[in-house]
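First the structure, in the form of structure tokens, and then the observations on it.
Every chain is named by a letter (A, B, C and D) in the order it is written, and numbering of its residues begins at 1.
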Amino acid sequence: MSKVATMREAVADLVRDGDTVAIEGFTHLICFAAGHEIIRQGRRDLTLARMTPDVIYDQMIGAGVARKLIFSWLGNPGVGSLHAVRRRIEDQEPGPLDVEEYSHFGMVCRYVAGASNLPFFPIRSYFESDIPAVNPRIVPITSPYEDGDEVYVVPPLKPDVTIVHAQRADRDGNAQIWGLLGCQKEAAFAAERVIVVVEELVDGDVIRRDPNRTVIPGIVVDAVVEEPFACHPSFAQGYYDRDNAFYLAWDAIARDPKTLEGWLQEWVYDLGSHADYVEKWGAEHWASLKPGPAPSGEVDYGMYA
Amino acid sequence: MSKVATMREAVADLVRDGDTVAIEGFTHLICFAAGHEIIRQGRRDLTLARMTPDVIYDQMIGAGVARKLIFSWLGNPGVGSLHAVRRRIEDQEPGPLDVEEYSHFGMVCRYVAGASNLPFFPIRSYFESDIPAVNPRIVPITSPYEDGDEVYVVPPLKPDVTIVHAQRADRDGNAQIWGLLGCQKEAAFAAERVIVVVEELVDGDVIRRDPNRTVIPGIVVDAVVEEPFACHPSFAQGYYDRDNAFYLAWDAIARDPKTLEGWLQEWVYDLGSHADYVEKWGAEHWASLKPGPAPSGEVDYGMYA
Amino acid sequence: MSGYTKNELMIAASARLLTGVENCFVGVGLPNIVCNLAQRTVAPELQLVYESGVFGARPRRLPLSIGDPTLATGSTAITSMFELFAFYLQAGLIDVAFLGGAQIDRFGNLNTTVIGDYGRPKVRLPGSGGACEIAIHARQILVIMRQAERSFVEELHFRTSPGHSGDPEHDRARGWSGSGPTNVVTDLATYGFDEETGEMTLRTVHPGVALDDVRANMGWEPRVSPDVTETPRPTDEELRLLREELDPQGMYTK
Amino acid sequence: MSGYTKNELMIAASARLLTGVENCFVGVGLPNIVCNLAQRTVAPELQLVYESGVFGARPRRLPLSIGDPTLATGSTAITSMFELFAFYLQAGLIDVAFLGGAQIDRFGNLNTTVIGDYGRPKVRLPGSGGACEIAIHARQILVIMRQAERSFVEELHFRTSPGHSGDPEHDRARGWSGSGPTNVVTDLATYGFDEETGEMTLRTVHPGVALDDVRANMGWEPRVSPDVTETPRPTDEELRLLREELDPQGMYTK
């Protein structure tokens, strides 16, 4: 059963005001196009979850879609700060932002617990750290075995919607990813609704030729959106490079609420879709981000008939 | 640093009397050649761990290497019973066998806990089952969160030695597997010592062309053994088929301790190595198990220089 | 084609229980044929899932085991067993699973562990495998078993996998993803489970089988549905599919 | 080549701490250059591990972030972040990791969370990322930081990642895979940690830096090693590698 939709349709159908939304992808495969569409459709009061809020959540929070942030590392990777988020937290400008923070491993394990229908997940972290003191959802428990070791547990995180990007998927939503995997699988399985955005929609036979490459099965997917370059300025391994220049440029854009607002107007509100965004950047820009070839080689599954 | 060894060297160096040994692989990639070498070298008092003891542990237990079995499903898959194991349990013949049993998910989670340095792993299983009554290591604990849900926990399983088979690895032990993955990764990370046996030793560049295919990293591997057809009568996806006829034949062989002993004499003790075993079966047999081609296709990681 | 074997009847009756089902945890043997027949008749969208970690298998031959290489080649996804049990099964994504056992009781509890005493069993059976967690988390459990007094018992020697508790107030606690056994298909009859009490209830008797035969082959006096009928025979099309396409050698249908 | 920058000195001093190390959790910026220099000098077997899930990376360019695509292509293994944190880090397989922060105290505890009050911070810093569990489980922690009175503090505003407890009886409990911070490299000096008390101890002072400069730029009176010496200068070969091969644009070395 085909789940193919446009980004506009997928966001309109599946992302609702007040939802907990996770757009996951650790540096790699961050679906900026979905964030832009959520901004364009004017969603409000979202709780945004991500290990690394990254520039995408700085844009979304700058645009006013969120009331709360769940995260583990709040920065512009390799550059510095997320200024829009910092203004909300430090100056409560233009209003306060609830924060709930973990370490990376804690966030990952929250998704694992959510994906696994577990009431909690144990980890050996947070010892002698102040993090549990400011987040009462991180609690110690004691091993029932002879060791009696104390560990901490984190609660499941079950987003209302998880949005992930993959290099390719079939029309049923069976998605394959290579390169960095982050926690997309766990975040997708943990969610009530899942949108998979891909560089390329492919025939089911392409997926079935290499079933070990499938990271997210269609069974958990509600909508599949084909949207090339949807991760820019993040990247899709083998398709285009990270636009580090944009990450650096964002620092100046976001420092001033006015330039941020101007950027949103020009690059989100004034555009009808991600296709317009791709066109506005221009073919030369995309050509400059194209990597050389590095083929994986292939393996043989064997035909057993 | 090369870890390449012969099977004889690897077993002599790394498998010791009294060890807890896990030869993992769920139906797929069960390393019979390692089991045969352990029999040949006369190891004793082993605790054998495996989700599905399969014919390999029936052979090893029939040969007297073990005092204890940790498992979750005790049968000849698709055929019936493991008669040598049943004689030890039902008739204590030629002596008793300690058993410690879990469900599949419990065994998997024991390896995950062992691999993760966790003192326990929670699962929602064993409710209203008699299994915890006969295995006091499966204990209930209560969620510290509002739900107050009761779950069961299982303890970590940390084998002294885990032996896994892979289609290919480089000389450092970085191993790639396709087809069924079972719990080999978890069992390898959980172990103190790891032997990886492969159909083909390959150049490190072959591994590096497709890093997402790597299941077991060399960092946890102590020895790499190149031993084609080492899984027979189990199989290696893309290399050779499961020898279902042998699984069926084993039922009759193992029913009588005398025929079992005769089989061990002919196929294990009288042979110097797995190469002799391969030769004794003959080229025609191996040709009959060869599948047709089913190539995976390849993906592009992109060269980012 | 009016003649058919007992197995063919059991397979056809079981396959019809999969009407419209989207995915199913498959075992080897009869359940495998049942699912293949259902895919070609009442459940064209049915995805075959194997506890070995395969989703959306398209076997090109009858697999002897749930780890047959033909299940991996051409499947939609292969996953580690941890993920299969945690993310798919425990999370409630599996619609239907087949279970069986050496013993079943009136509430659908199953024994696949021992006949006799656990410490010194008369017969050591395989144990749980994934059955314990499958019984808890698959949305619906279908049981296929041969019926006999020694297997349909008043009291199990060992409860490996939970069915219904017999206590309507406390059946299937929160955190259990599944609703438990819903149907039993034997070589004599088919059963459902009473929604209130969770008790196995005779629904249909196979053609040529007397109600007394059914009663004689179980260890308790069965609850009988007020509208008990005869089990529908396999149709010509079902028999053709079984004999010509799915099991031409009659491995499972004879 | 007798001239060198402060960064070049810090990089060279840090790289020598990796002598013979087999694997290292790498961050971006200075630690990345440090590891690359060590691979070419004192640790030819060094495997670069990134918390983004890459093992055995061979970057063909200087990565701006720990998720740069150049880290994935040609690496030995890519793993989910769950497995990286659980199977590699928590299990004690990581030999060395680099950490830094806005504040450090005399026991090597680090603050990367807030300056000021947590609820209404003066400066909201990035938070833990993986630092909290890295501090607990990497076998050895190396800290690279610029030294100043406001960052080397008597009392942290927030303890994100644990160093040593200051209580020799109860330092680094069972289940912690790591032994905590062993070295700190700043732009003024290098430090070790006392094996008994876990207290940061001045070991070497950089050429041209006075002991009083070191003291003036920290919030407590430092323990000084009895055999405190001058930090060795970068060798010509180290400088050549840095300038010609590793960072020809001087992104991190200037």
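In this text, contacts are C-beta pairs under 8 Å (C-beta built on N, C-alpha and C of every residue); 3 or more make two chains touch, one makes a residue touch a chain.
Nothing here was measured: the structure is a model prediction, and the numbers come from that model.
Visitor: With contacts defined as at the top, give the pair, A-C or B-C, that has more of them.
Guide: B-C is joined by more C-beta pairs in contact.
Visitor: Starting from the mean Cα coordinates of chain A and chain C, work out the distance between those two points in Å.
Guide: Going by mean C-alpha positions, chain A sits 40 Å from chain C.
Visitor: Report the inter-chain centroid distance for chain B and chain C in whole angstrom, where each centroid is the mean of the CA atoms.
Guide: That pair's centroid distance is 28 Å.
Visitor: Just the number, please: Cα centre separation of chain C and chain D in whole Å.
Guide: Between these chains, centre-to-centre, one finds 58 Å.
Visitor: Using mean CA coordinates as chain centres, what's the gap between chain A and chain B in Å?
Guide: Each chain reduced to its C-alpha mean, chain A and chain B end up 37 Å apart.
Visitor: At least two partner chains per residue is the criterion; list those residues in chain C.
Guide: Only 54, 68-69, 72-74, 78-79, 86, 90, 137, 175 qualify.
Visitor: Which residues of chain A are in contact with two or more other chains?
Guide: 112, 117-119, 123-124, 147, 149, 151, 178-179, 181, 185-186, 209, 212, 237, 241, 291, 294, 301-305
Visitor: For this structure, give each pair of chains that are touching.
Guide: A-B, A-C, A-D, B-C, B-D
Visitor: Can you tell me which positions in chain A touch chain C when the two form their complex?
Guide: 1, 112, 115-119, 172, 174, 185-186, 189, 204, 207-209, 211-212, 214, 217-220, 301-305
Visitor: Give the list of chain A residues in touch with chain B in this complex.
Guide: Residue positions touching the partner: 117-124, 137, 139, 141, 143-145, 147, 149, 151, 153, 155, 167, 176, 178-179, 181, 206, 209-210, 212-213, 237-239, 241, 291-305.
Visitor: Considering only the defined contacts, which chain D positions touch chain B in the complex?
Guide: 22-23, 45, 47, 54-56, 58, 60-61, 68-70, 72-79, 83, 86-88, 90-93, 137, 175, 177
Visitor: What does chain C use to touch chain B in their complex?
Guide: It comes out as residues 28-29, 51-54, 63-69, 71-74, 78-82, 85-86, 89-90, 109, 113, 118, 120-133, 136-137, 158-162, 165, 173-176.
Visitor: Where on chain B is chain C touching in the complex?
Guide: It comes out as residues 26-28, 51-52, 71-75, 77-79, 85-86, 89-90, 92, 101-105, 108-109, 112, 123-131, 134, 147, 149, 151, 178-183, 185-186, 235, 237, 241-242, 244, 247, 291, 294.
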